Amino acid sequence: MNSFGRLFRVSVFGESHGEAVGVTIDGCPAGLPLTEEDLLTDLERRKGGKQKGTTPRQEPDYPLFRSGLFNGKTTGFPLTILFENTNTRSEDYSRQRSIPRPGHADWVASQKFGGHEDYRGGGHFSARLTTGLVAAGVIAKKLMPDIQINALVTAIGGEKDLEKGLQKAIDAKDSVGGIVECRVSGVPVGLGEPYFDSLESLLAHILFAIPAVRGVEFGTGFAAAEMFGSEHNDAIEDADGRTRSNHAGGVVGGITNGNELVFRLAVKPTSSTPKEQESLNRETGQVEKFTIRGRHDLCVALRAPVIVEAVTALVLADCMLLEQRIKKIF
Amino acid sequence: MNSFGRLFRVSVFGESHGEAVGVTIDGCPAGLPLTEEDLLTDLERRKGGKQKGTTPRQEPDYPLFRSGLFNGKTTGFPLTILFENTNTRSEDYSRQRSIPRPGHADWVASQKFGGHEDYRGGGHFSARLTTGLVAAGVIAKKLMPDIQINALVTAIGGEKDLEKGLQKAIDAKDSVGGIVECRVSGVPVGLGEPYFDSLESLLAHILFAIPAVRGVEFGTGFAAAEMFGSEHNDAIEDADGRTRSNHAGGVVGGITNGNELVFRLAVKPTSSTPKEQESLNRETGQVEKFTIRGRHDLCVALRAPVIVEAVTALVLADCMLLEQRIKKIF
Amino acid sequence: MNSFGRLFRVSVFGESHGEAVGVTIDGCPAGLPLTEEDLLTDLERRKGGKQKGTTPRQEPDYPLFRSGLFNGKTTGFPLTILFENTNTRSEDYSRQRSIPRPGHADWVASQKFGGHEDYRGGGHFSARLTTGLVAAGVIAKKLMPDIQINALVTAIGGEKDLEKGLQKAIDAKDSVGGIVECRVSGVPVGLGEPYFDSLESLLAHILFAIPAVRGVEFGTGFAAAEMFGSEHNDAIEDADGRTRSNHAGGVVGGITNGNELVFRLAVKPTSSTPKEQESLNRETGQVEKFTIRGRHDLCVALRAPVIVEAVTALVLADCMLLEQRIKKIF
Amino acid sequence: MNSFGRLFRVSVFGESHGEAVGVTIDGCPAGLPLTEEDLLTDLERRKGGKQKGTTPRQEPDYPLFRSGLFNGKTTGFPLTILFENTNTRSEDYSRQRSIPRPGHADWVASQKFGGHEDYRGGGHFSARLTTGLVAAGVIAKKLMPDIQINALVTAIGGEKDLEKGLQKAIDAKDSVGGIVECRVSGVPVGLGEPYFDSLESLLAHILFAIPAVRGVEFGTGFAAAEMFGSEHNDAIEDADGRTRSNHAGGVVGGITNGNELVFRLAVKPTSSTPKEQESLNRETGQVEKFTIRGRHDLCVALRAPVIVEAVTALVLADCMLLEQRIKKIF
C-alpha cells in the first residue's frame, strides 16, 4: 500500500509521465498556518539543478493544494497536494521497454504488474514522487518548531571532500554513490516503542522507501559491530538523560533518550549512468550493449538530504501525536 | 503497537519476569500441519547455551499452544503460543532501579511509562520476547517450503575468524559486537512494492525491532556509496531476470528480482558487559561506578541468526500471501 | 482517518466549497480496462436532479483521473480521481456560522476542529464527498462482473408507494426520510470472518459512513428480535448451501453463505428542511427561529441507492481480494 | 483479522473446546490499577446462569493475566488474559459434522477453512470468545470513570414485558429474539469523524461482531425513516450543545454532540432451539430432521447487555485516546 504513518499518515500517488504526482496527508491537526510558499524552499532543494552533479532539468514543482486548507490554515481534514506533470515530452519509450535498464525497476515492474505499469520515465517508481514526501515533510516540520532536523551529504564516491568525489565521477564519465547523515536535535524523551514500532524501525522503514537507499545505520551503526560493550555504552550523566558519549545515536530500546538523534544512509550511484551498459533485449533474447540518453544526476545522494529530512519529520510528527506531544488543534 | 504484518500478522506480549511471554499469529492459512516439536530446533538455536560466548542460563522455552491448532493442523484462526517464565528468581532489582544501566532501556522506559513498567530483567524490552518471533518464524518457514533462509554470524569484534573475535572479548573481559549476514534463495519475483512497502522497508522495519541491531544494509549496502554506477548496476542476463552480479542483493525498486536476497546487520556489543561502568544514581544524583551481576552473553550477535531468519520469514510470508502465492487453505 | 479497506483501500478528501473533492483507490489490480465514461452513469444517478424530490442543482461531477491509469487500463498503483468544485458561488455563510443548523455537523465540527474547519456548505462533511465513493464503487463493480448489486428505495415517509410518500412531504413543506434495501446476488461462499471482520461489521461500518444513515439491518433484521428460533433458522437444502428461507440475509457467523445478501438502511429526513426551525444563535446566546435557504433534496434517501451499491462493492471487492478470488493482475 | 481498534486495540483468540480463549489489549495506558477481581462482576453478568432464559451451564470464566500487569497496575504493554477451557467433555461431534446446524456457522466455516476449523462447540465462532471482550470492556470502562454505559434488554419476542416474552418461548418450547438498548452518559463532544470513522461506523462495526446481532440503529433509528425533517431535527439550546430532543441519539455528522448516546440492537433468537429442525445431511445428501441436544439459552439477548457495554467502552476508549482525552500515563 502507498501509505505510511499511524496518526500522521501520508499517501503518495502518481506517475512521472501521467497527469500528476501528489500526496495526501491525513491526520494533520487543525489550525496550522500553511501556504504554498511555505513548501517552496524545500521543494527547490529537492530539485537540485543548481548544484554540480544534479541534472539541470527543471521540473514543474509548484504545489497545488486541492483540499484541507481554509483561510490559510489546515482544517483537520486530509490535505491533498498535486504536482502537475507539464514537462513530459512524448518520447519514444519502446527501446526502454525492450531493454530493461539495470538498477531500475523496469524489469521487476513489468513482471509484477503484467506489463500494465506506466513504464514511461519510471512511472510510479520515479523519484518524482518524492515531491509529495518533501511537501508533507515541510508540514510535519511546522508542527514541531522545537525540533531541528539537518541532513547533509558527508561523502561522495568514498571521498569526504565532496568536490573531489564528484570530480572523480565526472572524470570517469560515470555516476557515483554517497553517504547522507542526518542529525536531529530537540527530540523529546520517549518517542518510539520496544520491538515493532521502535524508532529505528519506523525511520528505517521510510528511509528505505527513498529510491537508491541501500543501507541505514543509527549512532555508531556498523562500527558498533567492532566495538566492546564498555566502549559503546553511553554513560548517563544527569536527570535529563544526557549521556557522556552518543554511540546509541539518541535511541535506546527503540525509544528516544533525549540526546541528538543521529543516523546515516548509503545511497547507491545513479542507475542511469552515462556509461555504456549491457542488459537483456527482451525482443531478441540477447544481451546487448546500450546507452541511457538524456540528462541524469551524476550523484542522486546530492538530492537526498531534503527528502531524508522530510521523512524523518513524518516519523517524528507521527510519534509526537501518538505521545500527545502535538495537540489535535494546533 | 506490538503487532507487525498485513496478512500474516504477529503480535508479541509479555515481560521477562512476569507470568509468561508469548506471541499471537493471525492470518496463518488453515491446514498447515504443526506440532510443538516443529518449533524446538529453532527455539534451541535461539537459546544458545552451548555456544562459546552465549550465556549458559537455560530458559524454559517450551511452547504452549493455546489456540489455533486442531487435529495437528492450523485452523485458520489466531495461533497463540505461550512461554512460561518459570526460571524467575525474585531477585533484588532495587539497584537496577536506582542506577539505570547504560545501553539498556531502563531509563527511557521509566520516563515513558511513568515508572509503571515491569523493570525486572528488562521487562517487555527483554530479548526473551524474541522466543515468540522465532516460533512465528518457524510457522512462516513451513508455509514456504521452496524458500531457503540462512543467516550466519560473519564477524565478531571486527574479526572474520569468529573464534578469534570472541577470544578478544574474553581476554578483554568485555562484551563485543558482530555482523550477521542473511541469504535467501528461492524467492519469487515480485515481492514488495515501490515506496513505503518496499521489501527493504518491511525487512528493515522488523530487523531493527530485534534488540541490539544498529545497522541494516542490502546487497553491497554501504559499500555502494563508494561505487560507480557502471560497477554497481547488475546486468540482466536472461528472461528469468538472472543478473550477472548481485550488488542489488535481490531487490530493485523495492521489489524482489528473483536473485538471491542478501542483507547484513550490525549488532552492537551486549550492553551487559562484565566491565565496570558508570551511570547516574537517580537517588544520589551522582554518577557512580557499578558492575552488572549475573551471566550474560559476551556477544548477542551469536544468538541473532535464528531471530533474523524468523523475522525474514515473517516478512516474506506476508508478501507471499499478499501476492496470492500462498493459498488461504494450505 | 479518511480511509477504508484492507486490500482495496479507499480514501476521500476535499471540501464542498474548496478546490475539489476526490478519492484515491489503492490496491486495485493492474489491467482493469477503465475510462472516465465508465463512471458517468453511476455519478449521474448520485446527482439526482431529474427525480422528483431531489434538488435540481447540477453539480460538476466530471471525474478527472490524476493517476493510476495508462493506455486505458489500471496500472496497479493508486488511482486518484478529482471532482473540481466549479459551482461554488461565494455566498454569505456568516449566518450559518452564528446559528448552527440542527441535524447538521456545524456545531460539532466547530467544537472538534476549533473553528478551523471549512464550514462553507458542510465542508468535508458534505454529501458531495460521496462522489468519490460512487466512482470507487464503479471500479469495484467492474472487478466483480459476476456479482450483481441492486439497491432501491422501498419506502418514503413510511409509505411503500413512493409517490405518495413524497407528496406527503411536498404537502407538508417538509423533508422526509426513507428506507433503502440492497440485494446482492452472485456472492461466493466464504467472504467475511467471525467477530471483528464479520461481513456485517464491514458493511455496517461503511454504510454508517454515508451521511443520514441511522439504522442498518441484515436479513430479517429487527424483525428477528420478535421471532422464534424455529422460524428464523434457515434450513440448508443442498451441497451449495442454498437455504429454504433467507432470514439470515446471506450471512451466517459473519460469513457469506452463497444465498442472496440482503440488508436495509434507515435514512433520516434531510436536515435542511424548508420548514422554519429553531437553534441557538451563538452570538446572542438566544434560541432563535430561522429558515434554511436554497434548494435542497426533500428526501436524501432517493440519492442513496447508488451510494449504497458503491460502498457494498467496495467491501465485497476487499473481501474478494482477501479470499484470493480476484487476481492481482485482472 | 481478529483485532479491532486504533490506539486501544483488542485481539481475540481461542476456540471453545481448545485449550483456552483469550484476549490481548494493546495500547492501554500505563498506571491503571487493575486486579483480576475487577473483571469478575461483568464476567459473571455475561455468564448468565441465574437468569431465567439463560443456560445453567457454568463456564470457567476466571481471568488469568499473563502479561501487562505489574504491582497491581498496567505497565503500558499488552495485557493478555486467558480463560482456560476446563469444562470441555469430549463429546461426539460427528453428528454436528454431518448435519450443519441452521443459523450456526458450521457450514460456512467448513467451506471457508477447508474442514480444518475446530468444529467442536462452535470453535472460534463460539460466544465464549466474548469473555475476552467483556474483560477488555472492564478495562476500558476503568479508563473513563466519568462515562456511564448502561445496556438493557428492552423487549423479548416482541414483548416489552420481558417475563411475558420469555414465557412465550418456554410455552412454545422454542428460542426467542430480543432488543437491547444502550445509553451512554458523560460522553464528551467531539468523538468520531466524518465518513469512515464516524462513531456510528465504529460502534456498528463491533456491535455486529457480537454473535446473533442482526440490526443496529442510533437515536430514533428506523423510525427516522418515517419522520419529517422538522420533527427529527434536534434544536440546539445552549452553548454546551444540549438539544431539546435527542432523535440523533447523541451523534451528528459522525461526531458525538455531548447529549446522551443512544442505540439499539436486534438480537436474533438462539439458533440452538429445542425444537426439531431440518438440515442437509452431508453424508447422505438428504435433508433430515434432527434435534439439538444439550442446554442452551432460550434467549441470547439476555446475555448481550454486558457485551454491548463492553464493546461500546472499547470504541469510546479508542476515540478518547485519539482525542487525547485519556493520558498515556493514567
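Per-chain residue numbering starts at 1, and chain names A, B, C and D are given in the order in which the chains are listed.
Assume contacts are C-beta pairs under 8 Å (C-beta built on N, C-alpha and C of every residue); 3 or more make two chains touch, one makes a residue touch a chain.
Keep in mind it's a predicted model, so treat the numbers as computed, not measured.
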| item | value |
| --- | --- |
| Chain pair with more C-beta contacts, A-C versus C-D | C-D |
| Chain whose mean Cα position lies farthest from chain C | B |
| Geometric centre distance via CA averages, chain C-chain B, whole Å | 45 |
| Rounded Å distance, chain C centre to chain D centre (Cα mean) | 26 |
| Interchain centroid distance [CA atoms averaged], chain A/chain C, Å | 37 |
| Per-residue overlap in chain A, given as positions that touch at least 2 other chains | 1-3, 6, 12, 77, 112, 124, 194 |
| Chain C partner contacts - residues on chain D that touch it in the complex | 1-4, 6, 12, 100, 102-105, 107-109, 111-112, 124-125, 129, 155, 157-158, 169, 172, 174-179, 189-190, 193-198, 200-202, 204-209, 211, 213-239, 241, 243-244, 247-249, 252-257, 266-273, 275, 277-280, 282, 285, 287, 301 |
| Touching residues (chain side chain B, partner chain C) in the complex | 6-7, 77, 194, 322-324, 327-328 |
| Contact footprint of chain D on chain B as seen in their complex | 1-3, 9, 11-15, 18-22, 24, 26-27, 30-31, 64-71, 73-80, 82, 112-114, 116-118, 123-124, 329 |
